[in-house]
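Multiple structures are listed underneath, in structure tokens.
Look at the two complexes coming up: chain A is in both, with chain B in one and chain C in the other.
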Partner chain A sequence: MNTEHSRLEPAKRTRRRLPLLGWRKNDAVLRKVEGSLFIAPWVVGFLVFVAFPLVYSLYMSFNQVRITVTGVQTSWVGVQYYREILLADGGLLYDDLFPFLREALVMIPIIIVFSLMIAILLNLRFAGRAAFRVIFFLPVIFASGQIIGEFIAQGEGSLNVIASLGMDDRLARYLPDAWAGPIGKVIGSFVLVLWYSGVQILIFLAGRQTISGSVYEAARIDGADPWSTFWKITLPGMAPFIFLNVIYTIVDLFTYPSNPIISKVTTENYGVSSALAWIYFGIVLLFIALAFAIYARTIKSMSPRGH
Partner chain B sequence: MGKWLWLRNKLVGLEADKGLLFRAFLYLLLVDVAFIYLKPVFYMMTTMVKGAPDLLDPAVIWVPTALYGGHLAEAIKMLDYAKSFGVSLTVSTASAVIQVVSCSIAGYAFARLDFPLKRFWFGALLFTFIMPAQVTILPSILLFKELGWINTFWPLLVPTLFGHGLKGALFVLIFRQFFSTLPKEMEEAARIDGAGAFRIFFRVMLPISRSAIVVVFLFSFVWSWNDAYFPSMYMFGASDVPLSVGLSKLNAQLVTEAQEGGLRAFLEPVKMGASFLIIMPLLVLYAFTQRWFVEGVERTGLVE
Partner chain C sequence: MLRALGRFGPAGWRRMDGFQKLLLLSLVLLSVFMLLPVVYIFNHAFKPYHELFVYPPTFFVREPSLQNVNELASVASRSTVPMVRYLFNSVFVSALAVALVTGVSALCAYPLSKHRFPGAGIVFAAILLTLMFAPEVVQIPRYLVVSELGIMNTYFAHLFPLMAMPIGVFLLKQFVDQIPDSLLEAARIDGASEFVVFARIALPVCMPAVATVAILAFQNAWGNVETSALFMLDDEMKSFAFFLSTLTNNLANNVAMQGAAAVASLIMFVPNLVVFVVLQSKVIATMAHSGIK
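This part shows the complex of A and B:
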């Protein structure tokens, strides 16, 4: 049976392959053309609305720009603006940037841990789950708008518990001044951190669906306790989503319009503003590179050795 | 011993989600956080209907003794609600619909089709996603000024036609992820039947991507509804502004009024009324679509 089969096969194959090969080649070209047509609008959009402004703003950051009735006049100043922002005038960048960066460094882990926890809980089966899910998507609606600013102004951002425990004093006593402020601010506006976690919860909830239930079943049969199930199955399975969420949170926090640096990018001085935006972008990239390096290292150390 | 073990299992549970202790913790935590999320909404809705006596009475914290519509009427007038609502609705609906179409096309190309320099363009997509809009905002203003689009809606809508615009890169990524999780068999069957990529996309793929479409549509609608940054940059001199910009104008107006001698006794209720008017349409939309949205988030994979 087996030998008969293999004797028949080659003849069959060659007969079919010849026309197929020609069709395949045409098809490959056709597919490329189709693919190009599909992506063309996006590529055009990228060139016009991203690449062109990007290059132009880089150019402006090295120039003094004057907007006149007749058009845009530029005169080359080199790295003068960069030097001014980075070295000479601390007020534009450092005074706002460093507290904000420290705040971000504290906020990012809190947002990630909190949203991971909520997503895992929302994924369990319990009475009233549907209602909770509806409520937990509210931040997506609120947090992107200016309404959130109203809530902060209302004092809805602070938790009374923290003030009553005298957390501020303790922080000031045990931490260096540079960190006590931002950490105190984050804890003071802890509720705000919860508001910023809307999309992150969604991403984790979606990511949690990718771990199949049978893995948990197997772990249960093997007698694993909940604690080790979480550390051995849930957390490694969620690692890519944690990384994605870190990136999303960095991008979100750093591009939020009410962010202190971003509000300094104005139409008053195109050259300085462009230089500032580029420096800022450099910092964002640095953070993302840092997240990426940590992620790569964690994945490496988590992967089983010797296989 | 047996009793002790039984008790332990009952409390802690064999699995993470079975123990009584865990259940108690679960509800405690979720109810707490849900309360934090709902409290400002309740505060907003109760404050705006409080009349002067209720606002001055320290005994009235949450529930007003009488409903008073004056603040709301004032907020409607100050926001120029009918007009701004129309503007917001038009801009948000248009950009959500357009982004669903344009981003799904680009996402499909990234997920399933072949084109030259695919890896490079995917890098460009990721770059677009992480780039702060502020890096390109000034040249964009100059570009749109050159085109004569300043103070019109075009700067908000035209980029969406090309799969860009507000968070466009994220939507392309979501669609790419969604399409790459679908089984390939359906497309192959359609291809053998002689259908081209366009037919396959519009007749086979789009109809089965309801969950991704709902997620992207809602995100796009909500974000462009709430966004005040781009409208304030591109439409600083326009009279027809979206609601999101209206709120900051209203705040500025209240501040100047207060400085000039405080004609208004109560700023809070007016602000809260305005906030409510802005957010209410989104809440209504979410109330109608949340079933598909929640389902969509689970199905889409949403993410990389």
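This part shows the complex of A and C:
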């Protein structure tokens, strides 16, 4: 259809291209080249300041690194650090990893559901919604960490209401110990969930607006109630953004500067730190891969019914 | 906020069912919590000493005073480089960083999403992978890169490490994905060059994401201490954030400087707030204006 269209109106093409046989193909190639040029600045910066340092740190994780006045001295130690961290000395990784993973597993769904709810509410029409939007986007600027960190230190982050209602006792009774602690902690630090979800709310709200209003109109005319509208229209339409938010939340939680494992990665003892970082990276990657797999399956199961 | 609640249109309120009403009420409650940190930071900066160390800590200041501001001013006046210089460095670097990061990220995200050129998959996979890295891991190699490039002690060393912000490209790419190809194709048929398609169509449609990336980039640059500590040899080249952090770090255990530290964190916070308030309207200026709907 496009070819036909452009053949009909060659005069509209202002670019100096000859309408020869196969020019359309050239056009497409040209556009691809042009597109690739757009990427160049980012890729160059990326290679120099991210990719190279990362590969370097991978190499260093197999070395003992000593930083001297004359430069960086390395001596090959093979997988020794990896073996130490994974097998010999559990203290460095496992002690912090498992409580943190449990906490993250609880926290990620809560953050996603909460921010989705807020975003849908903020999309409703009501006076004063502009003010509410500003307030709920605010956590975006708490992301710098310093502010939240200060709050945790001051003990303002947890709600004492939870403890006073005896909620943690009940949790301990019905759940295994390993889970009751983290779940209690999550409920206790509910406020923190609020403060983690700024970008997520923002993404959801922007995503919600990609769903055409006419679809809702049609659903309303067909007599769909808000509840089924949400499940049949909003949720499937938001699938790409839910996925985006899951990835963002995983990355955000796992690379938070005050994260127990990240805080152990320092420039002292660079070899061990690099090894730890790469192991941790593997774990995070696993989570991301899981999110990808689930997303791919959801999309697949949704598409045949879609039309 | 109460006024906002009072101004709920009666029509909107009636249209909502009980469930939504309940949720909306909880919105009001939640927004109180959302505002807590902001209120706290402002209050904390103006607490006189006997209030700063009260246990349990108080939330609101009872007797506001400028004592802490004066303390910070006196510390700052003792530094060899005038504070204005640090401020200039930070403002200059942050402004450039925001422009460059958003521009470069968007330029990268667009073809990544809309041109299936060879290697696009690899680039995107690389972005995803590097999202997950702790910045500490790359500190030493970055130092080597910066010194090899010979840009130590220049503004380039402030800017370049900030530029490859993977989260920016990732966010933007996911938004560009949602732009229907037909919209872009229509522009191409009308003879728009690829750059015009990008700048006039893709970018405005993705404004919410662009604004978000700009906010994140600003925070990143404004609060950046790392490049000053590692790549800047002269004090004149260091950032305001670094200057404030040295004030408070060296004196972390010193009761005497807590007031100055409180004001310092307020000063660090306010520009974030301002940039946020300015840009958030762009986040709200939505796809409704873009012709997608």
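Assume the second predicted complex is superposed on the first by the 263 of 307 C-alpha atoms of A that agree within 3 Å, B and C clash if a C-alpha of one lies under 4 Å from a C-alpha of the other, contacts with A are read in each partner's own complex, and residues count from 1 in each chain.
By our rule, a contact is a pair of C-beta atoms (placed from the backbone, for glycine too) under 8 Å apart; a residue touches a chain by one contact, two chains touch by 3 or more.
This structure is a prediction, so every number in the text was calculated from the model and none was measured.
Trainee: For the three-chain model obtained by superposing on chain A, do chain B and chain C clash or fit?
Mentor: Chain B/chain C on chain A - steric clash.
Trainee: One more residue to check, A:230. First (chain B), second (chain C), both or neither?
Mentor: first
Trainee: Could you say whether A:220 touches chain B, chain C, both of them, or neither, answering first, second, both or neither?
Mentor: first
Trainee: Given the touch rule stated above, what does A:203 touch, chain B (first), chain C (second), both, or neither?
Mentor: Touch status of A:203: both partners.
Trainee: Just to be sure I read the superposition right, which of the two partners does A:42 touch: chain B = first, chain C = second, or both, or neither?
Mentor: A:42 contacts both chain B and chain C.
Trainee: Mind working out whether A:136 is in touch with chain B, chain C, both or neither, as first, second, both or neither?
Mentor: both
Trainee: Tell me which partner A:212 touches in the superposition: chain B (first), chain C (second), both or neither.
Mentor: second
Trainee: Have a look at where A:281 lands relative to chain B and chain C in the superposition and call it first, second, both or neither.
Mentor: A:281 contacts both chain B and chain C.
Trainee: Where on chain A do chain B and chain C both make contact?
Mentor: In the superposed arrangement, which is not itself an observed complex, chain A uses residues 31-32, 34-36, 38-39, 41-43, 45-46, 48-54, 56-57, 60, 67, 72, 117-118, 121, 124-126, 130, 132-142, 144, 146-147, 150-151, 154, 156, 191, 194-195, 202-203, 205-207, 209-210, 226-227, 240-241, 244, 247, 251, 254-255, 262, 265, 267, 270, 273-274, 277, 280-281, 284-285, 288 for both chain B and chain C.
Trainee: Okay, in this complex, where on chain B does chain A touch?
Mentor: Per the touch definition, chain B meets chain A at residues 12-17, 19, 22-23, 26-27, 29-30, 33-34, 36-41, 43-44, 102, 105-106, 108-110, 113-116, 118, 121, 124-125, 127-143, 159, 161-164, 168, 172, 196-198, 201, 219, 222-223, 225-229, 244, 247-248, 271-272, 275, 278-279, 282-283, 286, 290, 293-294, 297-304.
Trainee: What residues of chain A sit close enough to touch chain B in their complex?
Mentor: Residues in contact with chain B: 28, 31-32, 34-39, 41-46, 48-54, 56-57, 60, 67, 72, 117-118, 121-122, 124-126, 130, 132-142, 144-147, 150-151, 154, 156, 191, 194-195, 202-203, 205-207, 209-210, 216, 220, 226-227, 229-230, 240-241, 244, 247, 251, 254-255, 257, 262, 265, 267, 270, 273-274, 277-278, 280-281, 284-285, 288.
Trainee: Could you please specify the touching residues of chain A with respect to chain C in the complex?
Mentor: The touching residues are 2, 5-6, 12-15, 31-32, 34-36, 38-39, 41-43, 45-46, 48-54, 56-57, 60, 65, 67, 72, 117-118, 121, 124-128, 130-144, 146-148, 150-151, 154-156, 191, 194-195, 199, 202-203, 205-207, 209-210, 212-214, 226-227, 240-241, 244, 247-248, 251, 254-255, 262, 265-267, 270, 273-274, 277, 280-281, 284-285, 288.
Trainee: Taking the complex as given, what residues does chain C use to touch chain A?
Mentor: 1, 3-5, 7-9, 12-13, 16-17, 19-20, 23-24, 27, 30-31, 33-38, 40-41, 56-57, 59, 104-105, 107-108, 110-112, 114-115, 117, 123, 126-134, 136-142, 144-145, 149, 160-161, 163-164, 166-167, 169-171, 174-175, 177-178, 185, 188-191, 193-195, 198, 208-209, 212, 215-216, 219, 223, 265, 268-269, 272-273, 276-277, 280, 283-284, 286-288, 292-293
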